[in-house]
Each structure stands twice: as structure tokens, then as C-alpha cells.
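Take a look at the following structure, please.
Labels run A, B, C and D following the written order; every chain starts at residue 1.
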Amino acid sequence: MVVDTNVKATNLLEVRELTVGFPSRRGVVLAANRVNLSLSYSRTLGLVGESGCGKSVTLRSVIAMVPKPGEILSGEVLWDGRDLIGRSSREMRAIRGREITMIFQDPGASLNPVYSLGVQISEIFRVRLGFSRKDAYDRTVDLLRSVGIPSPAERIRNYPHQLSGGMRQRVMIAMAVAPGPRLLLADEPTTAVDVTIQEQILSLLTELQQESGMAMLLVSHDLGVISQTCDDIAVMYAGYVVECGSRDEIVSSPRHPYTRALLAAELVFEPSEHRSRLETIGGQPPDLGDLPPGCPFQQRCPHAKQECSDVPMVLDRPAPEHGSTCPFMGV
Amino acid sequence: MGVYLIRRIGQSVLALIGITLVAFLLIQLVPGNPARVILGPRASVSAVAALRRAMGLDRSLLAQYWSFLTNAFRLNFGYSAVQQSPVASLLWPRLGSTLLLTAYATFVSVLLAVPLALASALKRNRPADHAVRLMTMVTFAMPSFWLGLVLILLLAVKFTVFPTSGYGVGVFGHLDSLTLPALALGLGIAPLILRTLRGSIVDTLGSEFVEAARARGLGELRVLGRYVLRNSLVASVTVVAINVGYILSIVVVIENVFALPGLGSLLVTSVQDRDFPVVQGVALLLGAIVVIINLVTDLGYSLLDPRIRLSGRN
Amino acid sequence: MAVTEAAWPSARSGEYLRRIERLRRRATAERRWSTFSMWIGVGIVVLVPAISALGPLLGFGHPNAPNFSAILVPPSLAHPFGTDALGRDVLSRVLAATPLDYEVGGITTLVAGVIGVMLGGIAGYFGGALDAVIMRIVDVLIAFPFMIFVMAFVAVFGPGLTGIYVGLTAFGWAFFARVTRAEMLVVRERQYIAAARTAGLSSSRILRVHALPNVLRPNFVVAMATMVWNILTLAALSYLGLGVQPPTPEWGSIVAGGQTIMFSAWWVSTLPGLIIVLVGVGFSLIGDSVADRFGYDFRITV
Amino acid sequence: MADHDVDRVGGPAPHELDLRRVTSRRDLLKGAAALGLVTAGLPSLRRVGAFPAQPRHDTGTGGGPGLWNGQPVTEPIGLSFEGTPKRGGHITWAWIYEPVPQMDPQLPTTGDTGDLQALYSLYDRLTNIIPGTLTNGPGLAESWEIAKGGLEYTFYLRHAEFSNGDTITANDVKFSLERFANPAINSQYAWLNAIDTVQALNARTVRVTLQYVQAMFLDVVGHATTGIVPQRVVEKMGKEFGKNPVGSGAFIFESKTAGESISFKRNPNFWNSPKPYIDGYTLNYVPDDNARMLQVTSGIASAGYPVPYALLDQYRDVKGTRLQLEPYTNIMFIAPNLKVPPFNEQNVRLALNYATPLETINKVVFKNAAQIANSAIGKLQYWDPEIPYIPYDLDKAKAYLAKSSVPHGFTTSLLIVGTDTDSVELATILQSSWGQIGINLKIDEVDIVTLEDRFFSITNPNYDLCFFGADLWASDVGAPDEIGELMYYSKKYDFGGLFYNDPHATALVNQATHTINETVRKRDWGELQRYCLSVNPPGIPIAFGPNVSLVNSKVQGFQCLCSNFWPLEDVWINS
């Protein structure tokens, strides 16, 4: 390991040199490549990037849920300074859904269609938190109310398919915050809902966060969403963190062409207008299967040059400072 | 839901009529004169002709089918001149044995299929998976009567565990003597269930709500049981019902191999005897079974899956 | 990734290298298996008839010529599969039977497939009453023990293969129709179909050019299964006494013919049975790996 | 004729062999072995209750009692009568026939041996076949007199009761025989009938007057369908009688499960006490050959019938069981359609006969258990063993063919039942051997019903050659009359058949069937056997095959009458 394991982690979550690989027809693809992140108590870190840039995988590897057949090849995930990687599944389960919880992109798909809300939510209280059936029920009702679901006592008997997308997402959030986690992982929580709902969801999240003081790791392809919610931002491209810093730094003085492209898209167009942004960036998201040597962004980079092929893809300044992998964009 | 049910039943009745019509026309096309069958080779032509008239076989096909249909509507399946008894009295006793066999076999195959399906889905594309899949291919490709005989040879002759054939006496006698047939039939059905189940388990495993459940830190067993299997079963419950025809085709052969007094063997003999009323009766009954099974599965399906139960759409 | 590696000369822990090696091996292993199983399948399916083409040259004796001096000889070098009750070499009968079984299985599957794809496609694409009618018929056919009806067909058409052809086709198409319809329901919602529609192309053209290609692959998988099923049905028919005319060798009739003496002369029925299983597995392997490759699940084959 | 009559009273000197026709569709369906047989002689059995310890035929050419050594079977093998008869026990009998649909002897049944066996157990008749012979002895009729040159029969009944306790009266007999004679009721077997009138002279005497002299009349009144039924009950119950019958036979109907089994229990009122020895028997319907045999070897059943020839070697010596081969008087016969050229030519038929390798067929198809046929009538009364069968001689065959209108051969087809292994094997052999004289034989495989339909259609019999396996060319009676009339005199019956039309043969049959003069009959039948084998054969006689059953060693006295009925009242079980 490059990283000295004796370094005392001062943060709630430290991701160091995380590398995740997937087998594919063309060999091993690195979905996350030497990713370094740090997230301190009750703050919000945003991971932004196009789909397939490895942000979701990074998110999942935090709770050791890298989708099969992928696996973490190297690196550390320090939770309170303790490395989570290589923990037994029992230990991980103790943390999952307890200290760290997660919400998903498609609230419709992430609820079990065959059980009523009540059953699914109270399951958390009964199974995970050992409440009695009765208490679990009450807690569930309160919970639903707290995430702003009208007449929860009735809703509780409903099945997922009977709720609107927004409602479902609220339910998901409710289930996520129910155990009072210290970290909430949010994977594209607003992608599946329309813009108006999106605002509500985001505000609900920040609200809950202020109340409970939990930290949040938010993943989105939408820089707008990220910048409006997060304290720190990490921009990912083709499995690399290409730029990382505080929100203000990133937004006001981006140091990587890719970040700039994203910002440009955000400024010129309505937020969340996914397609049009692609137009301004131009070209297709990279194929992780065959990346060029050096900077993976070079094919699409307006300032691409010879040397791009020799760029060592490491942040020039380690977190929490404002770092970038592109040596050619001075401040 | 009500509307939906009514529509389903309506369709089923149509299907039923279709089945009996096909059965009726086909059997009518088969050469061979039931009257001759009944009276035997030496009976005089005049006697044969007379009996033919008496059996009403000289009427037009349409007339015959119509009277059959109308009678069937009144639950009167007609009279078998060959067996010299009302068709119904031939059907009911055999219905039991066939249903018992099929149920037993389905049970056996589920017993085989579910764990294997889980295993191969969880170990997808690993040796275990390939092994299971290969196994299903092998059993799928076995001639059922051949499999039956091999089983007899092994479990009844070499090691006399089960009776070689017959139907036994009393419920336990039945079960005992139905074990081998059920095994043979079950091995025939298992690939059906296993393939479907494996497929839907794989899908379910990939679905977000399973991931969510894991993310909630639920135990693996709980996830598999309440989330994965529960949802996969929904998908694969119907497959058995849909393929009743496939299953019954095997039943016919199996009943022959093991000398079981079931609908399958009855159908075979009555086709051979040109015992039209019985063939039609069996066709109708089997059809009814199929329809009922389909309805029941639909209901079961909707019980398993609230989306259908509440929206009432398939 | 090789590239990615090259880009990273920097030190990696041995653990990392070991893991990445394992991943790479699994990746190649999976890739290999699906191609491998595919080729095994193709191998079996092609090799059996190939060998049977050479059958006469192998010199195990004429498949139909009785040899009363060598009745029921157990498997030996001279007769790898032994001889039957008339002293005919079982292996050469099995080999001689191959073309027939392939022909029957193939033709019935093909015709049924064409009919099924067309009707299913129409049902799925246009929907409505047409759909309802077709699918009800499909229900009936699939729901019913069609072996009995194939029997009836054989009886109707008398000796010869006609009845078998008609019977197997008349009931086989339903499975294709079911799959095609399901696939078609998905396909017709795809954007390019919608585009084609708005472009004012004729339905038939849309079906032919755009929709059909997409429904053919799953049907190929079904076809593989139908092949097996048809061969098995042939066997069952022979057992129930309505098979191919003797002495024409046919796998089913060979197996069925030997089943009476199965306990005394096991080879007559058992070994040909294994050939059926072998070929069946061959076709299934092809179907499965095709299904895998294109991400269908092999459940559609049942 | 008086002394002749007296001679007949109490039963005649038995003929060596007897032959009956058996209709058994299921045999052919499942390729079962042939039916009918010769039984070990216990000629005096019905009159003297005692059981001879060592039956006469038990050590036949089979070599060693109870074990068949693979030699052609001309006498019964494996019959066992060890120990003395004792009461009690139940017999389960796995066989190929479905349970009889109804049990009224005069109403049509499926004609299966299975049905006739049931009728045979349930009802007794005026005369009964004497085991091991071709002739009938006393049954319910203790004795009889024949008058008017065979036109008038007077039967003296013994005291006997129906299973319900009623005494069997002359009126019951009159009633039963009239039902038998009435084609409107007995549409199935009325063709055997020659009865004109029946009178009940007194409670125990019946007089029957015939329309013409029927030489085989005493055999006819021993046929299963002439079983004596209680007039009162039948008239009361009508069609329902067949469902819960009241019988005069050794057994009473107990229960039946359609498609599975039928059970009979001992009739305590049976006149010939202490018989039956067993408490009852059950018939298990087991169509699959292996399953059936395994039921015997595994002890589920005490007897299994029939044993396919293909399985003879396998079950020749299985512990705890014995193979019974009882020579088969039924004839396996290939019937050409004489309406279709070239089969209407004598030379063609002769050629076919010489081109048929009978030894090979016997070896391969019948595992050498059969006896090669030297008669186109069958091994019936007056059968002459001295006449040699037609040898396999291709040159002769070619020569005959050369004299025909198709000197270089022709293409034709053989109609057989597809499920009958024997038929298929036979056909395959003929295909190769007939091919050598230029006859291209196609095999036309159908199921039995289609076959019967095509064979028996008078208007257009739709076949070239037809092989019925074990069935059809077997007689219902020990006398050759039935087959004779059927084959060589078919004008009498208004159904199809051979359409064999040879004036000489017809004259012989016509004469022989209408006299009770033994010398005339012996002469004529002998001449017919010779003439129809080597001079103008109606078809190709193949073999007389044995009737084979697998029996548990404990079961004693289990034997088959020539009419293929098992008198189970003679059976007992050794502990």
C-alpha cells in the first residue's frame, strides 16, 4: 500500500487509493481507480460525473456492496479510522443499515413490490433495532409523517406501486434515516423524479441532515444538484477523481477541463438538462474497456495536447485542499 | 378484479370448447369403427351397422358434437359403449390417481428444483451453475418411458425399495407405489421449474430492492427468503400451469409404463379403441383441469403479487 | 486495462496483483465457457450426423440386414452397441437413424417456427382481437397433452411420417408464437419502431425489416429446445406404438423396440437412449449459450 | 346311432389336442405372446374329485418338469400339481387385459380373453372342456343323448344352484340358450348358433332342436357366451344384470376398479364342491410387459400372463417362479387378400410359402418355442402330425413364381400391428427373404383397430397381406369346423376374410361340418389339411406357438384350457 496505515484518520470516512475492478469480455475494467475521498462528521460530499464514471461503484464500496462480479482490488475505506475492507459480512451487516444507510436512484425499484410499506419499514425496526411489533408500527407511522407523507396511518397499508415516485423516494429516505445513521449514502436520489419533486427531496434531505447531524455522501450526474447540496465536491471521470475541493473552489475556480465543461453546461442551460450538457461537452463518455494512456479525458478535451498521454492521474494537492489531475490548467 | 376474473373465465370456456372440438374432430378422422371394436372381428356387418346406428355414429359430425356439448353442459359426458358404462363413472376414479401423481411429481420436482435453482443463480456462471444447467439439459433430453424403466430397474428390481408398478391400496399404498412414477415425472418437470426459477432469481438478485435490503443490513437468509425467492416464485409459479400440456404428455407415457389407472392411460386406450365418448370426456376433463389450474395460478399469482391483485391486470 | 496498467508503473501491492489476476482469470474463464459450451454443443450436433455419414464405412454391418447368427450380442469391438433381436448392429442402426431424426426434428421445428413467428409477431404487433384469438389458440395447444393428438394425427394419416410431421408442426408453433409475441410487445415500443411508424412505413415492412430480426434470436433458442422435444416425442410415439415404419431405423423406435428386453439385453435400448440424450444436450448447449450471449434467459425455452 | 350316443354319455375319448379361438386385442396392442393352449390332461377331473399326483403331460419334451430347455414346445411344460389340494388363499393375477366392462354372458363384451375368462368363472355351461383335450365333457349337463342324426340333443341337468341359492332349472337353460341364439341380444357370438328351438321337458331336462346338423354343437354349448343365467334375476334387472351378476360358476363377482383390477370370490354354492379351493382371485390390468413380469418376480402377483416370447430366456429360470409353456393350438397365419392380384394366383401363394424361412422365424421370433405349422387350419381335432410343413426352398419358390403372371416378382405390403414386436420381427425377416425372389415387401404398421377395420371390410378389404399375430386364426371350439367354415367356406358369414374360393376345399368343409360321422370327418379334415397346405394354400401358415405364463412356484394346478380359459377352481396354493 502506498498509504501508511498508521496515519490516524481524523475524518468520519476516508477512502484511500480505492481501486475496484470488474471482469469483462475484454479483461479487467477498473471502475474506480485509486480514488481518494474524505468526508468529515455531518458534512456532505458530492460525487459528480457522467454515468459510468465509477461514482456509484465508489459509493457502494464504502459499505462493501460492490455489485458482483466486481471486487475491490486495493485501497482502504476508513470508517472512524477503522478499515472496513476485508471485514466479515457479519461485521459489515452490523454497520450497514445502522451506522451507514443508503438510498437509491429508482425508488420504485428499490421497494419490495410484494410487501406493504408498513411491513417493509417496520421490518427495519423489528429486525434491525429489535422493537416490538407494536412499537415498530408506531415508529413507522411517525417516521412516515416526519418525511412528510400525508395520513401515514393509511399509507402504511399501501403497496409500493400505489405511491407516486416522489412518495416512494420519501419512503426510501424515511427507511434510510430510521436507524439514525451517521452517514447517508445517496445514489442519484433525484434522477428518477421530476424537477419539482427533486427540489422537495433535496430540501428534505438537507433538513433531515441538519436535524440528525449525519454526514452524507451524495452521488449525482447533475452538478446543479450537487452544488446546491454539498459542502465538498469530487468530480469523477472514467474511474478517476479528476478534481476535488470545496464547493466554492470547484464552482468558482475549477481546475480541470472536465469540471469546466460540466459547469459551462450548468450555467448555460437549465439544470438537469442532461442531454444538452452532453452536447456542450461533446463526444461520448469514455469506454473503460480501452482508455488512452494518461488522461482519459484527452479525446474530448478542448485543450488536449501531446503531453496529456503522460499525465500521471493523481491529484496535485491531496484533500482537503483543492486538487486536480490536470497539470496544464493553472489557477 | 371481478371483471378480470370474468374475462379470464370466459376465455377459459372458449379454450375448453376449442379443446373438445379439436379432440372430437381428430378422433372422428381416425380410421376404425367403434362398433366393430365392440362386437369384435367375427360380428356380422349388419350387427356392426346396427350398433353404429344405436351409438348415434351415423349422424352428422356437427349433430354429434352438438349433442356432446349440450350434454357435457349438463355434466352428462355420455355413455361408453366399449366400456359399457357412463363415461363419468370411468373418469372420476382415474382423475384421482392422475391428480395425485401430478401433484406428487410437482412436489418432487419443486423439492429438486428450488435449492438447485438458488444455488446455480447465486453461483451464476460458476462451475456449480454450469453443472446444474447441464443436469437440467440431460433430464430434459431423456425419453420419459426410458427414464421410467431405468428407475424401475434401479429402485424396484436392483434395490427393491418401491413397488415396480400398480397403484397400491389406501392412501399410503398409493403414495408408495406412486413414488417411482412421481420421480420419473418429477425429473421431467424439474428442468421446467428450475430453468424458470433460476432465471427469475438472477433477475431478482440484480434488482434494486434486494440491494436496498442488503444495504439495510438484513441477513442474507432473510434477503433470499423474503425478497429474492418470494419475488422469483411469483414469476415462475405460472410456468408449471402454462406447461400442463407438456407435463400431461409425460404423464400419459409414465402411466403406461407404471400401469397406473389414470386419465392418460385411459386416453390412450380409448383412442386405440375409438371410444369417442371417453376421448371427448377425457379431453374435456383435462381441458377443465388446465383451465382451473390456470385460474388458480392467476389467483395465486395475484396473491403473491399485489400489483396484480390490486390493479387486476396480468 | 492492460493499458490502464501500463499507465501505472507505480508500485502496487502483491495483494492487488493477485486480485487483479484472479479477476482477469474469471473474466476469461466465463468468456471461454460460453464459447466453449457453444462449441461443444455444435460439436455434438455436427459430429453425430458426420459420423453417421461415414456409418457404412465403419463396417459394423448393414443397419437393416438381419443376421440370425449374431442375435442380441452384448457390446463388443465388433458391435460397440451390441446387436438387437434380429442380429442387426445397434450402432449402425443408430447412425443410420440420424438423418431421419434430424430431418423430422429439423423440418417440424423449422415449419412450426416460421408459422409461430409469423402469427406471434402479428399478434404482438397489432394486438387487439387478432391477438386475443391467436393467443387463445396458443393457450389451447400449449395447455393440452399434444402427444395424444400427434398420436391421433399419425392414426389419421396412416403409416409414414406425414402424420408425425403434421402433428408436431400443428402443435409446435404455439411455443414460438408465445415467445415471439412477448418479444414483439417489447420491440414495438422501441424508439426506432416508433420512428419507422411515424416515418409512415407500411406495417409489413416495419415488421420485416425492424421487428423480426429482434425476435429471431429468442426463437432460435426455442427452436433448439423444440428440436429436442420433437425427437423425444418421436420416441414416445414409437413406445406407444405409432412411430416410424420398420425397418426404417429411428432413434425412438430403436429405444422403444428394445424396451421390452431392457432388463435382459440392456444395450439395445439404453445406448441409443444415451445418444438421444447426447444430441439433446448438444442442442440445449447451443440454445443456452446463444441465450446467454444475448442476455436471454434460457427459461424462454420452456 | 344309439351306442354312439351312449358312447358320448359321460364324455368321449379325448382327442390329443384341442383348439379354441381367442379374441384378444390387448395382446396385439402390447405385443404379447400367443394365446390358447394344450393342457396337462386330467381327463376324469370333473367326474372324480381326486387329483392325480403326477399329471401325465408334466414331463414332456420340455426336458425336466418346470424347466424349458429352449426346444420347440409340443407338449405342456412347467405345469405343477405338487401336494394335495387345500382350501384357502387368494390369487392375484397380473395380465394384459382390462377389467371386463360387463358380465352378462350373452351381451357383447370387448371380446377380450379377459372378458371371456370372467364370464367363464362366473357361469357354468351345459358342457365343459376337459382339461388337456379338444373335446367337451359334462358340465351342468350330467349327460345327454343325441337323436335324429345330430339334429336333436336332450340334456339331463345335474342338481346345481346359482350363486344366490336358487336351483338351476331347465327353464333357466332354455332362457339362456335362447338369449345366446338371439342375434338381437348376442350380436357378438350369435354366428356360432345353429339352435332352432329349445324345450324344457321337465325341471331337469332340456331338448334342443337344431336348424341343421352342426357337428360342433356340443362344443358350442361349452362356449363362454352360453353360460347359464338365472331367468328370474335377468328379467328383473335387465341391462343392469351385467353390472352385478348372479352366476352359476365357481366364482362370484366381488369388485371392480375400472382400468385397474377386478376381483372374484369363491362361490360356496358351486355344485362341484369342494372346489374352488381358493377363496378368490384378482385380475390386475398391467399392460406393460416388464411391469407385468416384475409384479410376479417381486411377489405382488402370483401369476403373470402373457409372457412375450422376447422375454422367455429372461424368465426361464427365475427363483420362486416357473415358466409355463402350454402348446399353442392357435395358428399364426399370413392372410393374403385373394381379391387383389397377384394373390389370386395359386402359384404366387405357393411361391410365398416356399420363400418363407419357417425355421428361422421360429428361432428368431418365437425363440424356438413354437411348433412350425404343418396345417393352414390349425392344430385342431383330426390334425395330422405326419404331414410335413413347407420347407424353405428359394428355387422352388422362384420356379412357382416364374409360372405366375409376375415371374420377376412384385411390390406389395404387409399389414401388421405396430406395437407387436413379434409381428415387426416377422415382417422384417420376410422382407429380407422374400426380397430374394424379387418381392419388394413394404411394412404397413397400424394399430389393431385400424387393422381389423381394413381387413374385415367386405366391400373393399384394404390390404395386400395381413398378419394378425396371435389372433384371428384361432378357433373358439375344439373342432376344426369353425375355422374351416371361416377360411374355406366364408359365404356362410357375411363378413370379409380370405375370400378363398376353391370348389374342392369348399365341398370338403361343407360335408365335414354337417355330419357327426367321425370317419367321414376324419377323412375330410385330413384331406383338407393336406390340400390347403401344399396344393392350393389360402395363405402362409407360420407356426403354432405356446401360451406362456409366469407362475409363482407355490401356485398349483394353474393351467389353461384350450379355449384359453383358466379353470381357477382347480387351483390351490402350497404353503
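The rule we apply is simple: a residue touches a chain if its C-beta (ideal position, glycine included) is under 8 Å from a C-beta of that chain, and two chains touch if they have at least 3 such contacts.
Here the structure is a predicted model, which is why all the values come from computation and not from measurement.
Between subunit A and subunit C, the least number of touch steps comes to 1. Under the contact definition, subunit B and subunit D share the contacting chains C. The greatest centre-to-centre gap from subunit D, using C-alpha centroids, is found for A.
Chain nearest the geometric middle of the protein is B, using mean C-alpha positions. With each centre defined as the average position of its C-alpha atoms, the distance from subunit A to subunit D rounds to 90 Å.
Computed centre separation for the pair subunit A/subunit B is 51 angstrom, with centres defined by C-alpha atoms.
The mean-CA centres of subunit C and subunit D are about 49 angstrom from one another, to the nearest whole unit. The mean-CA centres of subunit B and subunit C are about 22 angstrom from one another, to the nearest whole unit.
The set of subunit D residues touching two or more other chains comprises 29, 290, 447, 450. Across the assembly, subunit C contributes residues 30, 155, 158, 240, 259, 262-263 that each touch 2 or more other chains. Residues of subunit B in contact with at least two other chains: 30-32, 149, 157, 256. Across the assembly, chains come into contact as A-B, A-C, B-C, B-D, C-D.
Residues 23, 25, 29, 98, 101-102, 107-111, 183, 187-191, 242-243, 257-260, 284-288, 290-292, 294-295, 298, 300, 447-450, 452-456, 458, 471-472, 493-495 of subunit D touch subunit B in their complex. Across the complex, subunit C is touched by residues 1-2, 19, 21-30, 33, 69, 71, 73-74, 289-294, 312-313 of subunit A. Put simply, subunit D touches subunit C in their complex at residues 29, 31, 289-290, 308, 310-311, 313-314, 360, 363-364, 417-419, 421, 424-425, 427-429, 431-432, 442-447, 450. By the touch rule above, subunit C contacts subunit B in their complex via residues 30, 33, 37, 132, 136-137, 139-149, 151-153, 155-156, 158, 225, 228, 232-233, 235-236, 239-240, 252, 255-256, 259, 262-263, 266, 269-270, 273, 276-281, 284-285, 288, 297-299, 301-302. Residues 63, 65, 67, 89, 92-98, 101-102, 104-106, 109-116, 123-124, 127-128, 159, 161-162, 172, 175, 185 of subunit A touch subunit B in their complex.
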